[in-house]
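Alright, structures below, take your time with them.
Look at the two complexes coming up: chain A is in both, with chain B in one and chain C in the other.
== the complex of A and B ==
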C-alpha cells in the first residue's frame, strides 16, 4: 500500500503565501520566486501525464498503444464482458469493503484504547502500532503467506481480507488517534458527569466527535485495499483473483489495451473513495475537512 | 448535615502525593473556594468529588453518604470545566438538555427547564447556535447552564473563568455569585486567583503542596493569615524577618516593632513580621504607631494608587501603598533615593512563624 501523505502536502506552499489581502503586494519574485511555481508545475505534469495517457488510450479505437486513432468504448466493453475480469472486479470490491469495515472498527477501538488507557505499555503500543506503516510490503506479503501456510489456511479471498485488514488497522488508528487526542478527556468526563454511562458516553459524545476521522480513514483504507497488489499477490488463491493481480497475470501474456480501460476504471473508483473521504466530513456539517484529518492537522 | 465532607482524604499518583490527609466540611448553600498555586492539589480534590479520581485513603461524603462506590454518572454533583468541555456536535439547547435526557426527564419539562436555565445565564435566543459560534464568555455560560439545570447538590467549578479576559472575568465573578445566591446550590470553586476567591467565597481553603494551610472566611484569610505562605499568596504582604521579643519583634534591620506575639512564640524565636502595604502610612505617624525608616528605591504608579518600594537598613524591601486622592501627589515630595519614615498601627502587624 502506498504512502498517504505526500500528494496533498505538495500543494501547501502555493496556498500559504496568499494570506495578506490588505497589504500592498511586495515586488514580484521577492517572496514568491517564479521558479517555485514553475517547479510545482513540472511536478504536477510529471505526476499526472502518465495517468492522463492511460485515460486517453483507454478510449482509443485501435489496438495501438502509440497512436490515438479515434474515440471508442470497445475496451470497456471487453472489460465488462469478460467473466474472469468481472469476477476479479467483484472480488476486489468485496475485499475492499470488508477490509474497510473491519479495519475501521478495530482501528478505532485500538485508537481509543491507546489514547485513553494510561498504562506503562501504552507508549510501547503506540510505537509498535506504526510498524505496519513502515514494513516493506514485500516483507508483509511474505510473512502473511508464511503464516497462512503454517496455520494451514487455504489461500482465498478470505486470506487476502485478513492480510489487508491487518495492515490497514494502523492507518485508521493513526488518523483516529490524532482526532481523539485533540478531543481531550474533559469532554468525556463532562458526559459522565451529566449522567451518561461509559458506553453512553462513547456512543453519544466520543463517536459523534470521531465520525469525520472514522469515515475519512475508512474510505482511505478502501482505496488502499482496492488497488493493492503486493499483499494480494502473496495471499491470493487461484480464483477469483483481485483485479490488480489479474491484470498482472494478463500482462505476462502481452499488453492489451483493455488494461487501459481497467486502469481508468480503477482510478475512478479510488479517486471517488478518496474524494468522499475528503468531502463527507464537510457534508456531515463539520468544519474540519477530511484532508485535515488525514494530514493530522485538525483541531488546530 | 454537610454538603461535602472529607475525612482524611489522601490521593497519590504513583509516588507523588497530590492531596494529603484532607479534612474539610462544606455547608449546604456555601460558596466554598479551594485556592492555591498550580499543583497544590485543588483540582485533584475537585475531581475526587466528581468521581473521576478515587481517593487513595480516607472517605468523601456527599450529603452524608459515602461516595467511593458511586460512579461519576450517578453522583448528585455537576462540574463546570476549565475548557468548558462543550459537545461540539450538539447545539446549545441539546448541550444544556444533555443531563436531563440521560435521566429520561419528560420532554415538556426538559423544554421548559432548558428555557429557564438559558434565561438564568442570559443566553435565550441562542438555543440553536453551535458551540463554535459562541464567544468564550458565552461558552462559559452554556457550560454553567448545562451543569445547573440538573439541580445538583453541589456544583463543582474548575477554574471556570480562567480562560476569559480580565474585564469579562470580573463581570462573570459578580454574575456567578448572583446566580449562586439565586439557585442556592453549594458551589465548590477551584481557582488560583486570590482576588477571585476573595470576591466570591463564603469560605476559602488555601492549599499548598496537598495540604490545606488555612480554611476561613475571606476577611480572616486576608487579615489574619496563619502562616507566611498564606500571607504571601493572598494579596501582597511585606514579610520582615526578625526575632520575637517581649511585646514585639526585633527586626533584622535593628528596629523593635511593637506587635502581638502569639502565645506559642517564646522570646528568641525566629519569626516574620507581616504587614499589608495598604496599612502602611507615608504621612506623619500618630501616637502609638510603629515607625521605620527606609530609602525609596522604586515608585510604581498603578492608577488608583502608587506603590512606594522602600529598602530598609539590611536590604529588606517593604512595599507601601499610597492612595492617589490627588494626582500622584508624592511626585512633589519625594523621588527615588530619598529617605522617608513610614508607620503602621501595631494591630496591623502580624507575627508569623
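== the complex of A and C ==
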C-alpha cells in the first residue's frame, strides 16, 4: 500500500468529482465524531494505566500498592541480589537468544521454500504452517511435555528452548514470506542470467533483500520467547526456571513488590526488542512501515 | 539445478522440525488420552475410553460450558471495544496511524502475567482503586474479573485484523454511502460493517482460541467457582497427576477449537491466494 499523502483539500477540483480516492483526507466537521476520539482516548488510558502503575510502584520505598511513599531502588536490589532470580534471568535470556537464532534460520528457509517451490501440496503446507500460531498454548505445552517424557528427555532449559523454537518458526515464516512475496523474482532472474548459481543467488541477492524482515522477526521471536509463560511452565525443569515461571510462583504466594521490579525490567527488555523491530526499516534508511512488516502484511 | 527442486530443499529442515516437535506430540496426546494410570499414578498407554466419559460428566460439564461462555463474552467485549478503536485509527488516524497502532501493540508485549498482576495490584481489596475510592469494592474472584483479564490479554488480536480490513477498504465507499443519503448509522450498517466482516471474523477466532484455553486469568483473577477448562487441564498435569485424563480434556478442547481454526485457516488461505494473484 502506498504511503503517498494525498494533496491538501484546497488543491482538489472544486467540482465535487472524486477523481482520486480521498484515502488520507480525514472527513471534516460533523464527520469527525467526538465520541470516537474520546472512546479511543479512554481506551489508551485504561490500556496503559496498569502498566504505568507497575512501573511507578517498582520504585516505591514501601511495600504498599496504594501509597507511593518515596523513591527507592530496593526492589531492584532485591531482584538482582537474589542468586536464584539472577539465574532465572540468565536462563530466560539464554532461552530467548537460542530460540531467536534457531527459529530465524529455520523459519527463513521454510519461507523461501513455501514461496518459491511449486509442489502439489504447496497450498496445504502454507496453511499447515499457520496451525501452530492458532493452537492454544496450553495444548502446545501439554503435548511438548508428553513428547519429552516419552523420549526420556529430562526437563531443563533445553526442553524449554525446543518448545519455544517449535512455536516461533511460524512467526518468522509469516513475516519473511510476506517480504519475499513482495520482492518479486526479477532480481533473482537477473542474477541467474548473469551466471550466478542458484545458491549464489540466494546468498548474495535474495538473503540481503530479506535481512530487514529476518532481523525484525528475530527480534519479535526474542520478545515472545522472553515473555512466554505457558510453554515454559509445562516444559521447565526444577532450576533454573525462566523469569515468568518465577513470577507465577510469586503471585501465587501473594502480591510482592519485587514482582513490580521484575515486571518493569522484563517490560523494558521486550519493549526494546519490539521497538527496535518496529524502527528497523527507518534505521536502515528505508521508507517502509516496520509494523506492516512485522504483521506480515507487506505488499498486501 | 531445477528451481523447484532447489526451493523444495529449503522446506526440509523446518518441515521436519514441525513434524517431529509439533505434529508427533499431538499424536502422543491423542494416544495417551485413551491411556490409564497404574497404582503409582504412572501414566500408561492402553484402551481406556472412560477418560472421555469423565470429561462429559455432569460435574465437569459446567466447567466446559463456562469456558466457552467466558470466551464468547471476551470476543463480544473485544469487538465492542476494539472495533471503534480500530475504526478511529484507520479512518481518522492520519499521519499518527502507525504510531497509534504501535501503541496498541506494545502493551501486548508486556508479559501476560505481569499485566494480570497489574490488575490485581489495581483492583485488589487493598489495591489502588479501593485506596482512591476508600471503599471496599469487590472485583477480584468474580467472573467479571476473569473476563476482564481475558479481554485485556487478547484485545490486540481483535484490533489488528479489524484495522487491516478497515485500512483495505476504500473510504470513498463511505462517502458514496452518504451521497446516497444514508445516515451515519445506515452507512455503517450497509457499507462499512459488511466490508470489514472478514477482519471481524478473523479477530473473533483469534481471540476465541486462546481465551478458551487460558488458565492464567481464571487462576489469578477468579475465585474457585470461575474455573475454566485450562485450569482443569493444568491440574491434571501437575497437582492431581492424572495425565491420561488431562490428555482427554485437551483433545476434546482441541477438537472443538479445530472447527473455528479451520474457519480461520480457510479465510487466511483465501487471503494469501488473493495476495498472490
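In the analysis below, the second predicted complex is superposed on the first by the 267 of 300 C-alpha atoms of A that agree within 3 Å, B and C clash if a C-alpha of one lies under 4 Å from a C-alpha of the other, contacts with A are read in each partner's own complex, and residues count from 1 in each chain.
Rule of thumb we're sticking to: a residue touches a chain if its C-beta (ideal position, glycine included) is under 8 Å from a C-beta of that chain, and two chains touch if they have at least 3 such contacts.
These figures come from a predicted structure and were not determined experimentally.
Student: Is A:209 in contact with chain B, with chain C, with both, or with neither (first, second, both, neither)?
Tutor: First partner only.
Student: A:57 contacts which: chain B (first), chain C (second), both, neither?
Tutor: Only chain C; A:57 stays clear of chain B.
Student: On chain A, which partner touches more residues: chain B or chain C?
Tutor: C
Student: I'd like to know which partner A:196 touches here: chain B for first, chain C for second, both or neither.
Tutor: first
Student: Name the contact category of A:186: first (chain B only), second (chain C only), both, or neither.
Tutor: First partner only, chain B.
Student: Touching chain C in the complex: which residues of chain A?
Tutor: 1, 5, 18, 21-24, 26-27, 32-33, 36-37, 39-40, 43-44, 47-51, 53-54, 57, 65-67, 106-107, 109-110, 112-119, 123, 125-132, 134-140, 142-147, 150, 162-163, 165-167, 169, 173, 181, 198-199, 223-224, 227, 229-230, 234, 244, 247-248, 251-252, 255, 259-260, 262-263, 266-267, 270-271, 274-275, 278, 289, 291, 295, 297, 299-300
Student: Note which residues of chain C are touching chain A in the complex, please.
Tutor: These residues of chain C touch chain A: 1, 3-4, 6-15, 17-18, 21-22, 24-26, 28-29, 32, 81, 84-85, 87-89, 91-92, 94-95, 98, 100-107, 109-122, 124, 126-128, 130-131, 152, 155, 160, 164, 167, 170-172, 174-175, 184, 205-206, 209-210, 212-216, 219-220, 230, 233-234, 237, 243, 246-247, 250, 253-254, 257, 261, 264-265, 268-269, 271-273, 275-276.
Student: Please name which positions on chain A make contact with chain B in the complex.
Tutor: 184, 186-187, 189-197, 200, 204-205, 208-209, 287
Student: Under the touch definition given earlier, write down the residues of chain B that touch chain A in their complex.
Tutor: Touch residues, chain B against chain A: 50-52, 71-74, 77-79, 81-83, 85-89, 98-99, 102-103, 132, 146-147, 150.
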